[in-house]
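Consider the two complexes below, in which subunit A is the common component and subunit B and subunit C are the respective partners.
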Partner chain A sequence: MLKKVEEIFFRGLMLLSNLIILFVLGLIIYSIFKKGLSSLSWEMLSQRPHGGYYYGKEGGVLNAIMGSLYLSVGATFMATIIGVPVALFMNVYLVKQKRVLNFIRYLLDLIWGVPSIVYGAFGFSLMIFLGIKTSLLAGIITVTLFILPIMIRACDEILKTSPMGLLETALSLGSTKTETSFRVVLMQSFSGIVTAILLSFGRAIGDAASVLFTAGYTDSIPTSLSEPAATLPLSIFFQLSSPVPEVQNRAYASAAILTIIILIISVSSRALSKKYHKNRI
Partner chain B sequence: MIVLFYNRKTKNRLSTAWMYVAITLVILLPFMLGIGLYFKSSLLFVDNSLGDLLFSKVWKPSQGKFGFFPFIMGSLWVTVIAMLISAPICIFAALSITQYSKKFYLRIIHPVIDILAGIPSVVYGVWGILVVVPFISNVIAPVFGAKTMGYSILAGAIVLSVMIIPFILNILIEIFNTIPIELTEASLSVGATKWQTIKFVLVKKAVPGIMAAIGFGFARAFGETMAVLMVVGNMVQIPKNVFEAGYPLPALIANNYGEMLSIPHYDAALMFAAFILFVVVMFFNALMRMLIVRYDKY
Partner chain C sequence: MDNTKIKVDNLNLYIGKQHILKDINIEIPENKLTVILGPSGCGKTTLLKCMNRLTDLYPDVKINGSIFIDNEDVLHTNTDVTEIRKKMGLLSQRPFPLPMNIYNNVAYGLKISGRRNKKALNSRVENYLKIVSLWDEVKDRLHEPASKLSIGQQQRLCLARGLAVDPEIILADEPTSALDPISSEAIEKKFVELKQQYTIVMVTHILRQARRIADHVIFMYMGEVIEQGPAKEIFENPKMERTKKYLQGAFN
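Then we have the complex of A and B:
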């Protein structure tokens, strides 16, 4: 009897935990959209801040949206051309050297958890060391370093599951290791890799702490890599610290924009990974 | 022409070379981070001993006094309370997801976890300001007879606890799934109830994994910046209770980058804060990794 009670008690706690998680997500989405969508307008999406924007005059956050897109597309591109070859190298070239492989995975696990503010501080020192100013380029370099471990780990996780037979067949038919990597192994897991890239993109676009020191902030849309760039998370942060209610409302609207972008990324990566699971051997 | 371009060996050599360059960069990255931050903060050690830096309460950058103790305490308060909130939720949720849930519920909860994990830090901060801060100042604080604006350690901890739920939960789900099914089946077949099996077999077997998940969560929470910064109050003091404002290390770095170069040694101090974060996180991750190594063997 007592055992029954115990089980019911703990199952109650489990139910409660699940409900809390569902409730909190609902609450976050609801409160952001309720507050943000009311001040969201076409003007916010399509215009740069005009003079007096930060006192409540007209304008929008197009500078931040474009800045964020440039920055995260750039960083994701850089991280892809470094990260995907690394993941392939680990799973094609090093697949027999378990010790080396484990060491690299261990290192990746370690830096995977390093907070973005640390990358921000490091990026700032690197920027001074290289002699460049706060700019789109400095931001891209910092964010690339930040998402690189995430991207490699995610790709590795996917490539790890590709069957050894595939690799062996390709090699035994006379393909070079490059061809095996990029034409066979990569293609086999392609939609999984795209999911990993999308995940990193989401990380890049949402992170503020790493670009705080490095990307700078500006009201104009950057036209070259050496110009500073505004980012959406930072624009939310700065607008929120304003005492003017209109500006604060715009911060909420910007938060809603950022949330929508993240939701789109999340849904599409989910759809893709479903496809990946379907096509698996 | 085509033959020239389509030289397979050259292609292979080029791409292999690039892979070596890329992987060298990745392997060097943690060392670069550590050495770079240490080097940048080393100016601070000229006038201050390590003990002074870590345990002194005096924070007066303009006089060259850098005591990080209030910030370290601020970080610990926020992180520990956040862990106390989210660890039980994650453990129970992971148990129910892996042991009890039906297929259709999994189709709901997995996207929910994914979305929670994807929401940017700043958005969590905005949510904290909109919901958590007023809730604390209007509802929770009066119950305990405390007066606060709501911008407090507790607000930071609550926001943080929500942020790390998906992170810990995903690790826990993975860990519970690696426990061999034969173990639980054996227990069930000798007549144990489902709950007894979970309690005496599954959880017992997973204890190191659960500890590791919580440790990873701690390291993750310790370095979280923007969301906490927005709700925690940011006053340089050692908090005496959860309704007081605190000033965690990441917030210190993020808030002061502007005046970093105007006060001597201030930049070194901020880099030292980043270095502390780096060391703590790496240390925790290394430790927890050791705990779960055994799971890979199954």
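Then we have the complex of A and C:
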């Protein structure tokens, strides 16, 4: 009898926490779209801010949309070509060194927890050291550093689930460790790797603090890596701090745009990864 | 006297402080089917994995002694592991097809050794799938994922894949333990056919299976080799007390 009560109690508790999360998520999306939808227009998407934009005059946030896309695609690309091989190295080459592996994982978890503003400050001092100005390049470097531990650990968690027998099989066929990594282990975990890349992309496009000092902010769309770039999170921040109600509403419209971009990327890459998922053993 | 293909000399293996393999000295004859027999947990699989150095992958493993294959010491640090592994096909307890289609599973080993001629690949894939009697079942769906096959078909595919790289030795670790009786029989039959050309080392704890197909038997118990010799001698006239007991079904 007591067991039954316990069962019902904990099931109720789990249901409740699920509902709370769903409710909060729903509330966020609802408030973004409710406040933002009125300002969301074609003009908002297709134009840069014109004179007086921040006082409620015409123009849009194309600068921030393009800036965010350049920045996060660039940083995600960099983090992928560095992070995926690192995760493969950990799970194919270091598989025997359990202690080393656990230490690396521990370190990565630690730097995962470092707040992004610290990355921003670090990126800033790196810029001074390298002698580069506030620019798209500096932003990409900083955001790459910021998402790298996320990328590596997310890929690592996926690759850890790849069965040991598969590794043994590939090696016993006479493949080198590199061939095993890229042709077998990576293919086995491909859809999971795509999810890891997405997760990193989401962090890259959504972060404001790391780009504040490094990528800067501008009303124009960058045409080279050495120009500063605007980003959606910063554009939300600037618009929201305006005293003009229309500009504040545009902040919510920008937030809606950011949410939609993440949704589009997420859905399309999942469809892409399905193609590789079918070969999974 | 048969030629010795694999010779294990004073092999000791420790995992951490545990002594897993104790003073193993065995000789495995060429082009014969050798069965390593013994109850679960006696170190059979570990011994097999030493032969193609998959033990390299496990943490805290310490090995001393030597394993000679054609007079080359597998365990020597200067030995090219990749080359050694190409000499041996491995069939594991559970089939592990590669995460790709049926065709590429067989062609994988060939492709990584640099053979890319499409026609030659096609004919080799067909040939090896025929050897394991899988061709008729899969010829119309070569480009489907290997994971769609039944587990018995997967194990035969893994055998074809292993044979396609021209090994001299087949290492099989309880290759029928996950299979149904019909698929098991198919694998056993293949082994009997294949032993003309290959040296086969099969690990099993199934006594009846060993009786059916073994030419040479190595009986292991608790990390030690208790007795080894031609199958007939071991089964009909075991010398050691523990072998007798095992054959009568006292363990397990």
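Operating definition for what follows: the second predicted complex is superposed on the first by the 243 of 281 C-alpha atoms of A that agree within 3 Å, B and C clash if a C-alpha of one lies under 4 Å from a C-alpha of the other, contacts with A are read in each partner's own complex, and residues count from 1 in each chain.
By our rule, contacts are C-beta pairs under 8 Å (C-beta built on N, C-alpha and C of every residue); 3 or more make two chains touch, one makes a residue touch a chain.
Keep in mind the model is a prediction, meaning the values are calculated, not measured.
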First (subunit B), second (subunit C), both or neither touched by A:170: second
Which superposed partner A:96 touches (first subunit B, second subunit C, both, neither): second
Which of subunit B and subunit C A:55 touches, first, second, both or neither: neither
Touch count on subunit A, higher of subunit B and subunit C: B
Which superposed partner A:27 touches (first subunit B, second subunit C, both, neither): first
Partner chain(s) touched by A:106 [first = subunit B, second = subunit C, both, neither]: first
Partner chain in contact with A:188 - subunit B first, subunit C second, else both or neither: second
Partner chain(s) touched by A:179 [first = subunit B, second = subunit C, both, neither]: both
Subunit A positions touched by subunit B in one structure and by subunit C in the second: 176, 179
Residue ranges of subunit A touching subunit C (in the complex, touch as defined): 95-98, 163-176, 179, 183-184, 187-188, 190, 278-281
In the complex with subunit A, residue positions of subunit B that touch it: 8-9, 11-12, 15-16, 18-20, 22-23, 25-27, 29-30, 32-33, 36-37, 40, 88-90, 92-93, 95-97, 100, 108-109, 111-116, 118-127, 129-131, 162, 165, 169, 193-196, 216, 219-220, 222-226, 230, 250, 253-254, 257, 270-271, 273-274, 277-278, 281-282, 284-286, 289
Subunit A-facing residues of subunit C, complex: 49, 52, 54, 56-61, 82-83, 85-86, 88-90, 92, 94, 96-101, 108-109, 112-113, 145-147, 158, 161-162, 165, 171
Residue numbers on subunit A that touch subunit B, as the complex places them: 3, 6-7, 10-11, 13-18, 20-22, 24-25, 27-28, 31-32, 35, 82-83, 85-86, 88-90, 93, 104, 106-122, 124-126, 145, 148-149, 152, 176-179, 181-182, 199, 202, 205-209, 212-213, 233, 236-237, 240, 251-252, 255, 258-259, 262-263, 265-266, 270
